[in-house]
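After this come two complexes, each holding chain A, first together with chain B and then together with chain C.
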Partner chain A sequence: MDAPSETAPQPARDGAAAARAIPPAHPSRRRLGRLSVGVRQHASARLQGAVLAGGLLTGLACAAAILVAAGIGPADLVQEFVVAIVTSPESAAAVLVQGAPLAIVGLAAALAFRVRFWNIGIEGQMIAGAIAATVVALHDIGPPALRLPLMLAAAALGGSAWILGPVLLRLRIGLNEIISTLLLNYVAFNALLHLLYGPWRDPENNFPNSQLYEPSEQLAELGWQNLTWALPLAGVLLLGGWWLLSISRFGFLTRIAEANPRMGEAQGLPMTRVILAATLASGALAGIAGFMICAGAEHRLTQSFASGYGFSGILIAFLARNSAPGVLAVALFVGTLFVAGQSLQVFYQIPASAVQLLQAVIVLCVAASDFFIRHRLRWLR
Partner chain B sequence: MSPALAMTGVSKSFDGFPALTDAGITAYPGEIHALLGENGAGKSTLMNVACGLYRPDAGEVRVRGERVSIDGPKAAKRLGIGMVHQHYRLVKAFNALENILLARGASRYGRGLREVEAAARRTCDALGFTLPLDRPVGLLSVAEQQRVEILKVLVEGARILVLDEPSAVLTDREAAQMLDTMRRLADEGCAVILVTHKLGEVKRYADRVTVMRGGRVVASADPDAVSLSELTSLVVGAEVHHARVPARRIGAPLLRFAALTGARADGLRVLNDATFVVRAGEIYGIAGVGGNGQTELAEILMGVRRPLSGSIELDGAGDLCAEGVRGRGAGLAAIPADRAGYALAGSLSIADNYAAGAVLSGRFGGWFRLDRRAIRSATEAAMAAFDVQGARSPNQRAGLLSGGNAQKLVVAREFADPPRAVLAHSPSRGLDVRAASAVHARLRAARDAGAAILLISEDLDEVLLLSDRIGVMSRGRIVAEFDTPAKRNAVGAAMVHHA
Partner chain C sequence: MVLDFLMNWLAAIPGFVVPFALAALGLLLIEKAGVLSLGAEGFMLVGALAGIGAILGLGASPLAALLCAALAATLLSLLYAVLVVSLRVNQVIAGLSLVFLAQGLTGLIGTGAGWVNRPVDGLRPVPVPLLGDLPLIGQVVFRQDTVVYLTVPAFALVAWLLARTMVGLRLRAVGDGPDAADTAGIGVSATRYGAIAAGAALVGIAGGYLSVGIARIWVEGMTGGRGWIAIAIVIFARWRPWSALAGALLFGAIEALIPRIAAAGIQVPQYFIAMIPYLATLAVMVWTCLRGGGGSMEPRALGRAHLREDR
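Showing the complex of A and B:
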């Protein structure tokens, strides 16, 4: 059954745990009525996949039940969530447009989580990146032909600059990055409001957003539906992320930083540099996502372009288990939820928050399914 | 007068390994009773039985003459047995009173806190403790935290006090103060059991001493009636004869430790001016009682901790403590004592753990692409060569390996390239005889190939068996050096007399 190494009592050290472990013969097992719960030492990849799929299906079923309870017929659900997305080019395109920035913030979160850096500040980094890109746009820095690449680079730099402080504080003095990155979101947002209500207010209509970007500063359309170059850009970044996390030596080092950085240090591996590089890349990607939304969809800097993306990114990375192909799949899935949710809003008067509810239900189910990977259940007869 | 605590015939084994065999102790009210022995002699296990943390497989426990069954810490508490553990059980963010209240398990916070405060102040006054009761204990010094622990068991009404290695983390003055307090408690009628391996303390403070070795009681005596050297022989036992294999050719110094000084994370200075050299082709064994700076020495050598001052020169690589210099690149191999902390990542596969050692060398692909197939085949070859068993494939999690096989995996990785210098810290701890001798054979082979090997072990037998030269470490420095074969008693005496 269980490997003896983990169930063996540790003499002396942890008295409290040892005390609890004494009475039952198998301390790793517990009984709930006729159900016996044991710790699972090893789960095969196939089992993990099956359990995840089960969690996802349960979540979808719960979500469907909520929508049916809200008065939408099951047939209409299938129509909105499956048929419309597959058959209507507008809906399919809308999913892709939604999915591109979602995939990038998901990748940003995955990179940071891969080195156990809990980057809650993706929205702040998006804002910092978009502000940097807008500086390039408003001041017409560089020749028009190079304007977009310059904006992209500025956005990446802005995003990583916004995460640099938290990561240095964490590495130097152990400051909790969850707090620092979260709070820097508010700093970035208030700086954005200051700019939009102050120096960058649109002179043409006095609205609190920046001037429209010039055409050379907007991501061009691809020529099918309303898709822009944001989509290929997201594709390239995802490909790069896949290489970085799954193919390259750096990806291997991130897994050691995730599993046991002290072991990495003792092996002479540059753990600090790996953590620094992964988090700076995370910030850069978030900044690029900000640029992508501003230059690809809004065509200006607005107040709320980043709203909600930070938590979507965390959720996508979590469901994707920090892998790039997973991020792609989950981002498209969340994009579908957004798009279908919008039409539910319009045609069935379902409130916008219902979409968040559905997301949350699905995430909870998938998260809970983890229990079945770590534990094994048995019926006692 | 009936003894406060009488344990007889206590046996306890873990996974078939006997930790206690027919052991016992008899402590009377009004005495300080020292329980003396080496690491792993079974002192802590015996005391954990008394405190209800372990249930004995056999044996009898009597408290104040009555036969009792102590089936948990609460039962021990009810019987008036209180233990101050070596690693304090305190909530760092709570102040002393809250910690005491937590241990007492009072349900009403406000009233309970007032009661605890009154009792704690009474006890503090009686013992002359100066202790800020309202500061978070995380901000207190180690000695003050220990006082909180003592206060905790006293407020709970303990009349039988067990202190596990109480002076290990204290300065001499703090230790003397603590022991004076224990004397006062004994005079008031408490029975104090002092778990220790310091002979000096035993001679100075104990009314009676029980010596344990290998899970058995070997003597119970009046400390004034036995000499220090007799006590030493009782603690370390008779010489065990194993086949020593002396070094073939010892060369020039390869690894030089010069005036190395270091502190623990909490600021306590545990390494003081340690100076010694390890020559090519020899095993230099560091003997010493645990907690005398060995862990910090190993951590500094591995590059995971910075020294306060001093240097470690590896011939040809410069100062390993300097910024940017890593011993690993210069041929340093390390078998850390804390296998789960420094040697392996239990949640990663065996192959990933094996590859971690050479991933920067280019053997498993360059920066662009990691060669998973090369890793897999190299791991399979190493697992076969080093006899790593218990895994179906290299893709299995390393955390599932048993202790001996995990250690073999570590050795396989560290010795994948012939090392120039080796750190082996308690390399056979928790290993069975076969696995231990396999590790020893690897160390000897590396030595005979010309590597400088630093062996740090709290197991004196292991040091005596493997070393070509022995340094005794105490209070963070090398206090004595012995050529081998060394007299076991002489080394043992150097270990404990300086402590």
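Showing the complex of A and C:
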């Protein structure tokens, strides 16, 4: 790719050498030709689709190669990742259960990225949200009938409170939000550990997790497999996110904030407020995702309920190009990885981090494939 | 009692400074060439695992293990270089993905090879003759291991390289104005590849020092955010090598203090103490922002991919 620079003249040691004309290319190189990289102004939808598919397939192939190298037979891979998901209702339900919070963290990341705010602190916001929801649950705040809505609201508040600091610091003094949101993950995690190993430790068995939520504090089951109301909740939020990003005036403003906030400011558009609203919503969604996992699946606050979701959210938003329908599709795909990864963990002793590796490999391949959309390669002779 | 506490603390500081210092130095080298390096945590993790792996798997000496750590991080950095320099992938996405790739990879290899929680013989202190017997100074400065002694010369070397040599001038030119550097005949891609490889080697040694020098054990995710703190140190230092060393000293001092707070009988919940490095990093970043941008050596083309045909 950097072939063009190879034909550049040797770095000048002094002014006189620099003033010399560009020497002719080496004869042998001229015979072989060289790769020329040009910028492609317009890529057809077909090309984009083909390149995306190519990147995805390359990523999946690399991921499969890694798992085979880790000692899993190719036949077992197909069994775990494809056959099990398609044929067994348990696995399909598990993908949906897993996909619901993934879609919400993906949406959270997409909202923030839409205003060029790199929210790397999704896990911290999930923890803050889940802690807030657990406060409501443990202290029995409000009547039982309203307990779940209250927990949801508390989670949303907790999540946005956790992102508020980085946003304000970025807007007021230009503090790099990548670092600040990331550091707050570690702070939130230590706060969680403090609570779980201290005041909130389960009195019944002394395990470092909170007491079981009461039935009125758990998301009820839908009646098929182990699906809960987390799924419809995720559906509603995704629908809202789609409206917000693609239909509403706010979505249009986020596009300006993404492309050129200064221009928007000069036009008298409320750019600061748009960035603030989008990022606070992002934090709120992350908090809600934390609530969904705790109230829908774990039924208590646990140590590692948020682990891995932060990166998955970023990856989902990136692959989905920050669009809500895309988030849904990619979240289900990542949910499949999670579910298959869990069974690999149980049956093949593959550590949980392998799922992270697979996601990273896939996203890197897709990101790299973008090059072929944005550039035109030609072989010059 | 107070003196004992102080002496223990001061003597522990250099060891804790080294990972921050070397990582920040490596990052600085990469960023000076205009490449954002959010993958620091990943390079450190790979270095940490490679160091332990070299000792457990190959029976290498601790110093050879650190070379393996550098090599492993450099290998991973070539992947990063291909992605961000040649394929021009968004450097934030590539850097973050690299961290997660490294987390997954080290978790998989560490568990698969059975290197988890197996103590190794790490670096030993090498007292300097005569100087090591000095009161106070001797114990704090001259009874450390080889890597501690080599850290300050490494900074001097990089600072000299960047400020006084043709190589450094080209590197800075590529980081400040890749288009102009290209016109002047400097190979932008080649320079960036070189900077990434060399910088990652330093970050890898920093990671290897964590596992081989300090912990003497491999635990999954053992870097615990130090790579991110190193990035913050580079920002705090405004991309100046010696200021980065000062920043590393600050964080090394904080980290050396942490295990001593509880030992000194001060009653603070341990998880609040564990938050201190991250909160301190935030505070330092806020202070850096408030101080304003005057005198910053931030590369002007940081994070921007270069393509001649773009012009």
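Here is the rule we go by: the second predicted complex is superposed on the first by the 323 of 381 C-alpha atoms of A that agree within 3 Å, B and C clash if a C-alpha of one lies under 4 Å from a C-alpha of the other, contacts with A are read in each partner's own complex, and residues count from 1 in each chain.
Here, contacts are C-beta pairs under 8 Å (C-beta built on N, C-alpha and C of every residue); 3 or more make two chains touch, one makes a residue touch a chain.
Given the structure is predicted, the values throughout are model-derived calculations rather than measurements.
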Note to self: If we overlay the two complexes on their shared chain A, which of chain B and chain C does A:207 touch? Say first, second, both or neither.
What the structure shows: neither
Next item on the list: Could you look at A:262 and tell me whether it touches chain B, chain C, both or neither (first, second, both, neither)?
Entry: first
Margin query: Touch test for A:173: chain B only (first), chain C only (second), both, or neither?
Written below: second
Margin query: Once chain A of both complexes is superposed, is A:347 in touch with chain B (first), chain C (second), both, or neither?
Written below: neither
Item checked: Per-residue touch tally on chain A - higher for chain B or for chain C -> C
Notebook entry, point to check: In the superposed arrangement, does A:247 touch chain B (first), chain C (second), both or neither?
Noted result: first
Next item on the list: Could you look at A:120 and tell me whether it touches chain B, chain C, both or neither (first, second, both, neither)?
Entry: second
Notebook entry, point to check: Looking at the overlay, does A:358 come into contact with chain B only (first), chain C only (second), both, or neither?
Noted result: second
Checklist line | Contacts of A:224 with chain B and chain C, given as first, second, both or neither | finding: neither
Check: Of all the chain A residues, which ones make contact with chain B and with chain C?
Finding: 4-6, 8-9, 11-13, 18
Item checked: Residues of chain A defined as touching chain C within the complex -> 1-2, 4-6, 8-13, 18, 36-39, 66, 70-71, 118, 120, 169, 173-176, 178-180, 182-184, 186-187, 190-191, 193-194, 197-198, 311, 314-315, 318, 349-361, 363-364, 367-368, 370-371, 374-375
Check: For the complex, which residues does chain A have touching chain B?
Finding: 3-6, 8-9, 11-13, 15-16, 18-19, 22, 41-42, 247-253, 255-256, 259-260, 262-269
Checklist line | chain B to chain A touching residues, read off their complex | finding: 14-15, 19, 44-45, 48, 51-55, 72-73, 85, 87, 89, 302-304, 326-329, 334, 336, 341-348, 352, 355-357, 359-360, 365-370, 396-397, 399-403, 406
Check: Okay, in this complex, where on chain C does chain A touch?
Finding: 38, 83, 85-90, 92-94, 96-98, 100-101, 103-108, 111-112, 166, 170, 182, 184-190, 220, 224-225, 228-229, 231-232, 235, 269, 271-272, 274-275, 278-279, 281-282, 285-286, 289-290, 307-310
